[in-house]
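Chain IDs A, B, C and D follow the sequence of writing; residue 1 opens each chain.
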């Protein structure tokens, strides 16, 4: 059976409980669900953030996330996988991204969720612009993000 | 500020969305929330499971989880931590355990959640009894669980 | 001292807890397991495989070589299977 | 071919996309960046630090040395900051 896979790029918020329920409903083979929720912070590098605006590359965002979802399904015995990434204007405290992984055991669920988040951060075509009292500025990529993604590359 | 910490051993189910909201409400410093949900499977090692009954050691369960929660707060910069473990009779598809970790960045949230789950599995005084068509039997500890917990021990 | 049992240790012994006063020669958890195993068939069965038995003193995990002096509550149980 | 720009690359160039027909000597993504940088002040600014520019051909990440022959849509953008 193919792994139930949901990928959505959307402006609206998501409902974590509903996404978990959609993955697990009627399944007796899932023993572990891991969720990662990325949230807009109100402070970054010591300055206040009023809001983020997320720009994305429509079409490529879905394709790129889809490739990594397929890779995760090949590497780990997943029973379900949901990835939702928001775009548009997002205020502090609001959700940005959700990854839900389901598996029989915890190891696969944890590993797949970390892998997907590392890859999303480094490779998914999204760009954050930060609004603050100082005006607006594009967020710079964190130095560690490429390294985090690279640790999953097979030697 | 001490890390907001919730530990509950309870018979009733938990509400994942409510627990996430309780940890993140009014906070502008949380950029990452990781949840682990352990769920009762309907099949284990090739036989059908009707239900699990979880026995625990009251008092020690809270103390042992509390010690590991404190250790997680020392090791990683957490902004909040919730651990809920159910006891009593649990049917396939029902929740068993919840760990929610919150931090500014994803690495701490993921690492702390994995650490806590590995320690809970190997050290928290809970025992599962499985009901199936063959009768009831105590679940045997997985060989890998001690090894998973050991990987967090400092050399 | 109070001795408490969980899971199949409890089931085999047939009780959840009891007050016992082991002789002075019983110094460690390992000694106590040996002494308990001699208290009857149900105890012998419960402690037949000492390596499958875990112990706690006053709600903290301990090893077979840990001294029991001063303990208020000693617990015996199988390897944990929670989470 | 269609060239698309995102984030500060888009802002500096002042447009989100355009149809362009680079000369045959422009063989790779790196060549294309050099050619685009010569198209005017706004392009020169957008491509001033080529190592900060990422590229995709037909919605797949590519390297500066990747050939552009057959590409329908080429995208330029800064390092990604999603997630």
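The rule is simple: contacts are C-beta pairs under 8 Å (C-beta built on N, C-alpha and C of every residue); 3 or more make two chains touch, one makes a residue touch a chain.
Just so you know, these numbers come straight off a predicted model, no measurement behind them.
Treat touching chains as neighbours and tell me the shortest step distance from chain A to chain D.
Each step joins two touching chains, and the minimum needed here is 1.
If you average the Cα atoms per chain, which one ends up farthest from chain C?
For chain C, the chain whose C-alpha mean is farthest off is D.
Roughly how far is chain A from chain C, going centre to centre by Cα mean, in whole Å?
48
Provide the C-alpha centroid distance between chain B and chain C, rounded to the nearest whole angstrom.
Spacing between the chain centres: roughly 26 Å.
For chain A versus chain B, what separation do you get between their C-alpha means, in angstrom?
22
Check each residue of chain D and list the ones that touch at least two other chains.
83
What are the residue numbers in chain B that touch two or more other chains?
38, 106, 117, 121
Could you list each pair of chains that touch, in label order?
Going through each pair of chains, those in contact are A-B, A-D, B-C.
Show which residues of chain D lie in contact with chain A when the two form their complex.
Residues 4, 6-8, 56, 59-61, 75, 77-83.
Residue numbers of chain A touching chain D in their complex, please.
Those in contact with chain D are residues 38, 54-57, 59-61, 63-64, 85, 96-97, 117, 120-129, 138-141.
Mind listing the chain B positions that touch chain A in their complex?
15-17, 20, 24, 26-43, 92-93, 104, 106-107, 109-110, 113-114, 117, 121, 148
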